[in-house]
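Below you'll find the structures, each written out as structure tokens.
The two complexes that follow have subunit A in common; it is paired with subunit B in the first and with subunit C in the second.
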Partner chain A sequence: MKKNESLFMNLKKSLSFNSKKEFVDFLVRVFFLICTIISASFIFIIIFFIAREGIKPFVTDNDGIGRVNIIRFLMGTTWLEGTVFRSNLYGVGFIIVNTVYITLLALLIAMPVGVLTALFIAKIAPKKLSEILRTTVELLAAIPSIVYGLFGSGVILKIVYDLAKVFGVQSPGGNSVLATVLVLALMILPTITALSEVAIRSVRSDIEKGSLALGATKTQTNFKVVLTSAKSGIFTAAILGTGRALGEATAVYLVAGNARSGPSLGLFQTTSTLTSTMLQGLKETIGIDYDIRFSVGIVLMIIILLTNTILNFVKRRIGKVDVK
Partner chain B sequence: MKKFVFTVFAILFSISLLACGQTDNWDESSVIKVYTRDTSSGTRAGFMEGIDFSEAAEDDSLLVQGFVTKDNTGILTSMKIDEYGIGYISLASLNNEVKGLNFEGVAPTVANVLNDTYGLKRPFNYVIRSLDDFANETEKNITLAFIAFLGTTDGVDIITNQGAVPLPSTQSWDDIKADYDVCALDNSGVTIKFGGSDSIEKIALALSASFSPKCGNFIPEHDHTGSSDGFKRTQGSEKDGDNYKHVGFASRPFKESELGVAGTQGQLAWDAIVAIVHLNNEVSNLSGEDLKKIYSGVFTTWKQLLS
Partner chain C sequence: MNADVFTIKNLDLHYGTLQALKDININIEKNKVTALIGPSGCGKSTFLRCLNRMNDLIDVCKINGDVLFHENDVYDRNYDVISLRTKVGMVFQKPNPFPMTVYDNIAYGPRCQGVKNKDKLDKIVENSLKKSAIWEEVKDRLKDSAIGLSGGQQQRLCIARAIAMEPEVILMDEPTSALDPIATLKIEQLITDLKKNYTIIIVTHSMQQAARISDNTAFFLTGELIEYDKTDVIFSNPKHTKTEDYITGRFG
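Moving on to the complex of A and B:
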């Protein structure tokens, strides 16, 4: 009884305010706490929901179809064997390979272009021009993915189809790894450019001046001093770019060709990614064929988590140079 | 540096020249690139049924290797690019930027669908409860009004917008609504249940959503589980069960065993599907058998098909 009383006294003490100002301050803090709890709890709600649906195919017998074998699911080279709604032979192994492969190629294109653009905007371009360019890049970042997808299916598919012809390959309407990579590279380019530019800008000017004073040319300074000093920030840009590339669904769906088996490593082969597989037919399907898409979602989340961890680890290993 | 830039430009220039210099002759020895909708698509089910390849409606592994899965628009835009591709779309989306193939010698036009000569299609039928089997007069009258609405120009517009080919109609709902007194009442407490074919679900949803405000705001309830449940749950074995329906739909002709009381069944539209190819393609007519051989991988090049 006594203990309870003292607890109550404590609570009363912490809730007694010396002035109105303190009370308002307390209220504001509580309000912030509630906001934080709401926004943070969503990630748990989402994970819980996706996990609940996604585990179903592996633990229930799916209305008599039978359990999905998880090893087979993770290693499979065909998305679905047999009739839909009547088969449990799903496999995403090849799609995982496709997804990682495509993301890697997209980064390979977008990184050099993005970083060099950022360098140009931050260090080389005249002030007026750099402002215009920065606005342009920001605009690009704001374009929704469906627009990139439509641009991809209207323009890039045609270009890839013609390009394949030049190489003597008969491409299925340009739907291919190459088209997907190009669209994704285009989409992550503004992210990489914008973030790299911030990183380059925040390199301390005395490092730069020191390099110039030692007799290095501007170009030498830009490449050997500025870029190396900004590498940590540039790496962050790469991480965010990877995240966007891995998670993009709509644009990819329109240009990938949605291959049902694989993996597709040739540039002109049709392909599919985890997200495009989830998206395909999602609105029209039920039962195991619906639940299994949540399982693919779990796989995607794990892959994003893994790549982010690995990239962050690499980033730490690269280390930091003196950055403001 | 200058030399390097020059070389890059020279290479780019020659590639683009090569691309332009390609002669656009259609080469029949090329591989046929097959495009399909995904397994959950109603158009795919209709197409595969139409070419007598129903088992492939929901099974990708029966299709030829290397096929491309796209949606309706995706197939349409791909056929503008891919000279050696073949795909299928609903007739409503056909335009003159691609070539719609004749099926068994009949051109894919709305007129040919309506006069029943174009074969690659399936009927969208409805069935209602037999007239003496409604729980009350209000439900019966709303159901009858709904069926009448299907044949009005208002209903026809909705069906057309959903990509199907409606039967011709001249009257608008305003012309005939005086015959349906029930629609002047407040029906917001009445639930009308729709079911049957899931291929018709989108059309049925659009129709009931549009008709409900016109008929006293009755509550439409949709539960589409397949064509065979259309008859079963209105006049068949499940008509008095928990899943009973007022209106059922079937995306195929009614079977012998599904012929109900006269005047309770009818057709609201045709679902016509057309096989399309690139404008440069020399093929202009295919039979169901040809299409089946293409989709199952018996014919892999256009040459095999033409010889």
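Moving on to the complex of A and C:
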């Protein structure tokens, strides 16, 4: 009781203003607080809404189709359109595998290319050239994903189709794992390059000088000292790249081929990711077909959360040596 | 016979339009500690960086004159700057260990020159750390990050890193200015030990330090070499009034 009283006194004290200035200052702070509450609360609103829709297929009988078994859903290797086949056999197991597999391959391409580009821009290129390149990378990062998607379906699909022919594979219009990986790699490349470049540029120059003074060449210095010193920042670039790759929908949807069973591990097989599955026909579906996409959304959010947690854990481990 | 490691003749250095060194002539004696003193901005660090061509990193830097290392001009078009830097090591003002383990810090230089043999590297690491009087403190922490060492330990590690290359000369650019008095004392003792095997050129702001550890002292002022002599002479009987003014603390 006493505590409450003193709290009240405090409140009263903080609400009694000595001047107009103090009052305005108080109002501004309240305004900031309100803004923060609004933006922070949206994450809960979104999660609540997605979860409410997403659990429907598992708890209702979906207009007579029957409840979806959650284990089967998570482990399943086929995705049957419930309203078409009158079935509740939705499986996203193979789609999870596809998503992780494609993201991994895209990173495998984009990481080395992006980091080496960043090294070139930050350390090797002459000043003028590096400024031009930096702007180019920023522009690439600003291209909307639908444009990458159009480029993918207009150019990359044809290339993959022809490439498949060389290997004696009849690819359905080029829609494939390879096309998806290439489009995603292209999309995350600017993110990885830009962030790695910042990390590389912020390496203390006296460490570099120390290396050069020991008779190391510029290249030895760049690889052995600069990159290792920047590895924590480069890892952050990889984390953000992974996030973008996992969450990208539009462009992926246009080149993946939307396979309904899997997993698709062959490079020329059609595939599907969690995002493309959600996007596929979203506007034309009703009932369970509509609700189940929210379930996929929950799975995607959990996977992104898990990946981020794991990657951040790894980052702390490898970044340990940098800690001051 | 020539006991001079470096012979510098008529050295001029410009940063853009600013002349930082004016007509420097100086000989550096082998197995001696040579101290470079003078007020800030007098060109002593710039001069030091000429000796292992670290000024190459500065685009606007133009150099005229001769810097002879064992009678070869290091600014000759054909001179191999990598081999120069393996023979002329450098220790910087702020300790700058690489963000790697203690072991990897020392092994870095030899590895860059292609030494891969594990036993050989082990030996180099141990010897360098022993010569730098830090072995006892870090022998159980070789696999720990060098960033975790104290400032004084880091600086001795940097000296060990330079020693690992088996250089002839070690350049030191105010190596103790970022350290506390006890760490400074250790580094000074180390320098006195090291001069048996190495030629040391040290830039210092501390006149006491120059007097304590050096054999020869060069006094720089506004880009000129005012006086160069035995340390005893400089501190007891300087020929120049400017030198006398500086060492008695009347300016600078």
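We take it that the second predicted complex is superposed on the first by the 305 of 324 C-alpha atoms of A that agree within 3 Å, B and C clash if a C-alpha of one lies under 4 Å from a C-alpha of the other, contacts with A are read in each partner's own complex, and residues count from 1 in each chain.
Here, contacts are C-beta pairs under 8 Å (C-beta built on N, C-alpha and C of every residue); 3 or more make two chains touch, one makes a residue touch a chain.
Model, not experiment: these values are computed from the prediction.
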item: Subunit B versus subunit C as contact partner of A:T228, first or second or both or neither; value: second
item: Partner chain(s) touched by A:P112 [first = subunit B, second = subunit C, both, neither]; value: neither
item: Which superposed partner A:L214 touches (first subunit B, second subunit C, both, neither); value: second
item: First, second, both or neither for A:R204, with subunit B first and subunit C second; value: second
item: Touched partner set for A:L163, first subunit B, second subunit C, both or neither; value: first
item: First (subunit B), second (subunit C), both or neither touched by A:G266; value: neither
item: Subunit B contact footprint on subunit A (complex, rising order); value: 78-86, 153-154, 157-158, 161-163, 165-166, 170-175, 254, 257-260, 270, 280-281, 284-285, 289
item: Interface residues, subunit B side, partner subunit A - complex; value: 15, 18-19, 22, 30-31, 33, 35, 38-42, 55, 58-61, 66-70, 74, 77-79, 81-82, 84-85
item: Touching residues on subunit A, where the partner in the complex is subunit C; value: 204, 206-207, 209-217, 220, 224-225, 228-229, 320-324
item: Touching residues on subunit C, where the partner in the complex is subunit A; value: 52, 54, 57, 82-86, 89-90, 92, 94, 96-101, 108-109, 111-113, 145, 147, 158, 161-162, 165
